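As written, the chain order gives the labels A, B, C, D, E, F, G and H, with residue 1 at the start of each chain.
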Amino acid sequence: MSKISILMGSQSDLETVNEAINLLKEFKVDFEAKVLSAHRTPKEVAAYVEAAPKRGTRVFIAAAGMSAALAGVVAAHTALPVIGIPIETKNLKGLDSLLSTVQMPPGIPVGCMAIGKAGAKNAALFALQILGTGDKAIQKKMVAYKAKMRKHIKSIKLKV
Amino acid sequence: MSKISILMGSQSDLETVNEAINLLKEFKVDFEAKVLSAHRTPKEVAAYVEAAPKRGTRVFIAAAGMSAALAGVVAAHTALPVIGIPIETKNLKGLDSLLSTVQMPPGIPVGCMAIGKAGAKNAALFALQILGTGDKAIQKKMVAYKAKMRKHIKSIKLKV
Amino acid sequence: MSKISILMGSQSDLETVNEAINLLKEFKVDFEAKVLSAHRTPKEVAAYVEAAPKRGTRVFIAAAGMSAALAGVVAAHTALPVIGIPIETKNLKGLDSLLSTVQMPPGIPVGCMAIGKAGAKNAALFALQILGTGDKAIQKKMVAYKAKMRKHIKSIKLKV
Amino acid sequence: MSKISILMGSQSDLETVNEAINLLKEFKVDFEAKVLSAHRTPKEVAAYVEAAPKRGTRVFIAAAGMSAALAGVVAAHTALPVIGIPIETKNLKGLDSLLSTVQMPPGIPVGCMAIGKAGAKNAALFALQILGTGDKAIQKKMVAYKAKMRKHIKSIKLKV
Amino acid sequence: MSKISILMGSQSDLETVNEAINLLKEFKVDFEAKVLSAHRTPKEVAAYVEAAPKRGTRVFIAAAGMSAALAGVVAAHTALPVIGIPIETKNLKGLDSLLSTVQMPPGIPVGCMAIGKAGAKNAALFALQILGTGDKAIQKKMVAYKAKMRKHIKSIKLKV
Amino acid sequence: MSKISILMGSQSDLETVNEAINLLKEFKVDFEAKVLSAHRTPKEVAAYVEAAPKRGTRVFIAAAGMSAALAGVVAAHTALPVIGIPIETKNLKGLDSLLSTVQMPPGIPVGCMAIGKAGAKNAALFALQILGTGDKAIQKKMVAYKAKMRKHIKSIKLKV
Amino acid sequence: MSKISILMGSQSDLETVNEAINLLKEFKVDFEAKVLSAHRTPKEVAAYVEAAPKRGTRVFIAAAGMSAALAGVVAAHTALPVIGIPIETKNLKGLDSLLSTVQMPPGIPVGCMAIGKAGAKNAALFALQILGTGDKAIQKKMVAYKAKMRKHIKSIKLKV
Amino acid sequence: MSKISILMGSQSDLETVNEAINLLKEFKVDFEAKVLSAHRTPKEVAAYVEAAPKRGTRVFIAAAGMSAALAGVVAAHTALPVIGIPIETKNLKGLDSLLSTVQMPPGIPVGCMAIGKAGAKNAALFALQILGTGDKAIQKKMVAYKAKMRKHIKSIKLKV
């Protein structure tokens, strides 16, 4: 039973989304991941989002680029939290994806992450933090993850 | 039977969209106009877009602001041409609406107009030009409209 | 016991943040709200964020403008989810607040909302959606809230 | 008899415009394509645009970069619909081309596509959608094209 | 015989262009000014630009907003220097006018001024500097004008 | 005796400025070119600009990147026309150079060209157009240059 | 003997710069303030900057808008630290002033503050922090100032 | 005893920060450099900043990218001057780092440098200028450094 469902608008988004997937594997948390496009498969997105909670989904992650409607459209079909990853783009460097994902109108929130791979990794962490609000085990792993980051940074010896 | 269907994402968009409506009235071309939101009423948008051609729709106009998904979502549900009007916004001055409307991924085109009222007026003209490709009467009116604009500009006497 | 803690960087942010506060009142969900600045009261922010979970906090909302470090600094001190509201600014229209809030480096996520009042309202809804992942009553209210929005939009009669 | 006329401002635009050309070939729809610059050959643009309808043109596509005046200048000389492709640019990444193409003043619409290759492909599809409003065969092919895209996306198996 | 010809794309541009006109009056240099639009009266622009040198024009000034094609189109029709004034715009604050005016492709230069009234005043000064390269009297007035500015600034007594 | 003086803020600007230099060589017009920085050699800039007219300078071209003060500082020291070339930059892609060069305050005009090589080539052409206002031979060459460009474009045969 | 010298490019900048002046008065630290423009009075700027250290200046503050060359030009003439205030602008909202002030080329630093009044106040504080590196009394006042800010924030009682 | 303390948010920032380090080595001024992140090691940043003055620190330099909170957070914990280096970023080219570093709210100044390596080099020079306000030897070296730059530029012989 996957509590986290990841959608991406195009197969080429996988390279970015893998940052999220690898993090979830590291945390050993189940997830499902699928390519579905708000513009090319609108009905499949609606059907998927409505069916997912029955399979256990508690949080959605949606990654898309350019006019990145996917996260907003997922949010339109669910009352569960939706996290958006704005995919980097060739011409406008992800500014289009970012504004399309973050500037949601009142009533339909999307929790937007940074553009690209940093955002993808953080989407996974944020999904885990959400699940962690009701799951001590995940929350504990998150605390450990942060401690490890801190320890890593403190251990860096610069050669200057 | 209305050949042009206008959707807007929020009632507050009407002030801008009225530029399109007034132009269509001036041309005496039937149209229908409705508030439907890609984010708040996704199923109603889908149902409306699929039913409209049976009522005569040949062109859609969609106006929305911020993360302006409406035009793209309309285009997702139809093979008819969709014209997008990016609504001006308080903070980012319509740049968010513009990029969300124009930066459509390959496969699902939206014909994007300028931000705000200029774009709304042009959306109506563009819809008429599309209908005019198969309707001599409309095309003739369009030619006359352009001639009138030209005449008006030529008649301006500057006091300098 | 407040499950939602709202911080804002300046008293002048309250006008925007009230959109979140009013929504939480409408949902009858307890919250606490406080002015604390990442730049002017860094230790108080740290102390507050560390103590809040003991009082029941499960989600943080942080609102700040300009170089909007607050949400990121809150996220630095907790493993709970942090939602960021970029406050509109006089000169750069909130673009500075948006990029400072959303472009978080990998490891420390912030779920960023839209600039200004739309974002503030959505921050409250998103916090409720997060709590709703483990609370059927809140989730039910959220479903009802979305249904009401949909109904409202469908009821609009345009005079055109 | 070509119903679609494609102009580009520079020979180097062909790499981008080929996305449109290949799509039209795939649809087996006749077109003509020519390099003409609004700035370097203004009279030839005017003459070409005025003569094209006599050869069958029903829709224009114009691609240009930087201060991309071409689509607007084509629109100045015709009452037929004009679709604009903003060419990507070295320094401003196509933002200059986009704003020059999309921000048309009231009275002279241009249906603007996304920057670069995505926009070029969509320009062809949009031109076909326009022709399809009066041509059942094209409209049918467009419906089939969209169905094929949908099917392709649904068939993707992610390896995660 | 006017050596400076001013074109503006719309009557509403006159408020901005008056900064140029007043400066030319102050310098007692003849000029002509006219409303002509690259998009609404393309042939009249071409005819005007080609005829003007016979009436004495040595420099053109062109002011336009949004997709500001006017200066570039004037430059397309003449080998004389063309100065562009990007008019301020409601939504994008003149960024659209600026990029449309300044980002001219190689081969067809436009000397672009700042957005709005500062740019309009400077357009007049720049036109005079151009004429001054071959006219000692104008050059002398320009030197005096700069000396007066300097004197004015040096005379300011701040109350602090 | 060089009628055109070219300054650039850094030796690395030469790659861009060569577009101007090659054009001037093609026109067989004398020029001088020098590296001088508004920030690193302010006095040398002042001295150079004041002395140049005695050597025959009638027009200045100034190329600089980042906070591109050079063109404005040259304009501060002369009543002759100054043409600015905003050099492309690594991070902000020349947007910094562009705004620093074009947004001159009222009283001190700079005729700004496009960012980078296109701008450099146009700077040379614009300088020649300025000289051409008082020099029939240069004006004639300019007319021939434009005719050649037109002819070249008309000769292009696309393989599509 | 004033250790802080404030220059501003235009008398209209005083409204913004007064935020700095009032702060310095509050700290009872002597300063001098003058209107001098890098573009309209370049020699006076050079003379002023070179003479000021003899009158006691240890830090410069320079405020300017649009193509804001002033801080960079001051820095060109001194080895003392220069603090830049980018003045807000009508059209580009101070983005032009900001990039012109902050994007200094290597070799000539300017310590840039935020756009407008926030930046002006901080310029005064930063100048005092610089003086404070060698002046215990000023440093002590700065510590007290920060403590007062902290206390003020902690005292705020929100009515929510 | 190091008078200059350099912090950077990530080890990957060192490539940029080395421009500062090399300059300080060239000036033979002691410094210390450390990786500490405002988001991953907030307490370590606070502890470091509070302890550094006891080891001799008189100026801080802080380099960070994306939502670059580091310089502001350092400034929150000290009354000493803080210089910020906005690190270049993959997607938004350092615009995010720049706005996060420079747009500090009133009360907590950061002296912001240019994006990337130019800014890093200037951060070192600016730190030295600050120390130079109370140290004749450093000030003298700075004057010599500027003279050397000037001489170098004057010595450049262009081959054109």
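The criterion applied here is as follows: a contact is a pair of C-beta atoms (placed from the backbone, for glycine too) under 8 Å apart; a residue touches a chain by one contact, two chains touch by 3 or more.
Predicted model, so just to flag it, every value in this text is computed and none were measured.
Enquirer: Please state whether B-D or C-G has more C-beta contact pairs across its interface.
Expert: B-D
Enquirer: Matching E-G on over half of contact pairs, by residue number: which of F-G, B-E or B-D?
Expert: B-E
Enquirer: Can you work out the whole-Å distance between the CA centroids of chain A and chain B?
Expert: Roughly 33 Å separates the two chain centres.
Enquirer: Taking each chain's centre as the mean of its CA atoms, how far is chain G from chain H in angstrom?
Expert: 18
Enquirer: Quick check: how many Å separate the C-alpha centres of chain F and chain H?
Expert: The mean C-alpha positions of chain F and chain H differ by 34 Å.
Enquirer: Which residues does chain B have that touch at least 2 chains other than itself?
Expert: Where chain B meets two or more other chains at a single residue, that happens at 37, 40, 66-67, 92-93, 95, 102-105, 107-108, 114-115, 118, 146, 149.
Enquirer: Determine which chains touch and list them pairwise.
Expert: So the chains that touch one another pair up as A-B, A-C, A-D, A-H, B-C, B-D, B-E, C-G, C-H, D-E, D-F, E-F, E-G, F-G, F-H, G-H.
Enquirer: Please output the residues of chain B touching chain C within their complex, sorted ascending.
Expert: Residues in contact with chain C: 11, 14, 18, 21, 33-37, 40-41, 44, 66-67, 90-93.
Enquirer: Considering the complex alone, what residue numbers of chain B touch chain A?
Expert: It is residues 9-10, 37-40, 42-43, 46, 65-67, 69, 72-73, 75-77, 89, 92, 95-96, 99-105, 107-108 of chain B that touch chain A.
Enquirer: What residues on chain G touch chain C, complex-wise?
Expert: Within the complex, chain G contacts chain C at residues 88, 93-95, 114-116, 118, 146, 149-150, 153-154, 156, 158, 160.
Enquirer: Over in the complex, which chain E residues touch chain F? Could you list them?
Expert: Residues 19, 58-59, 79-81, 83, 98, 102-115, 117-118, 121-123, 125-126, 129-134, 139, 142-143, 146, 149 of chain E touch chain F in their complex.
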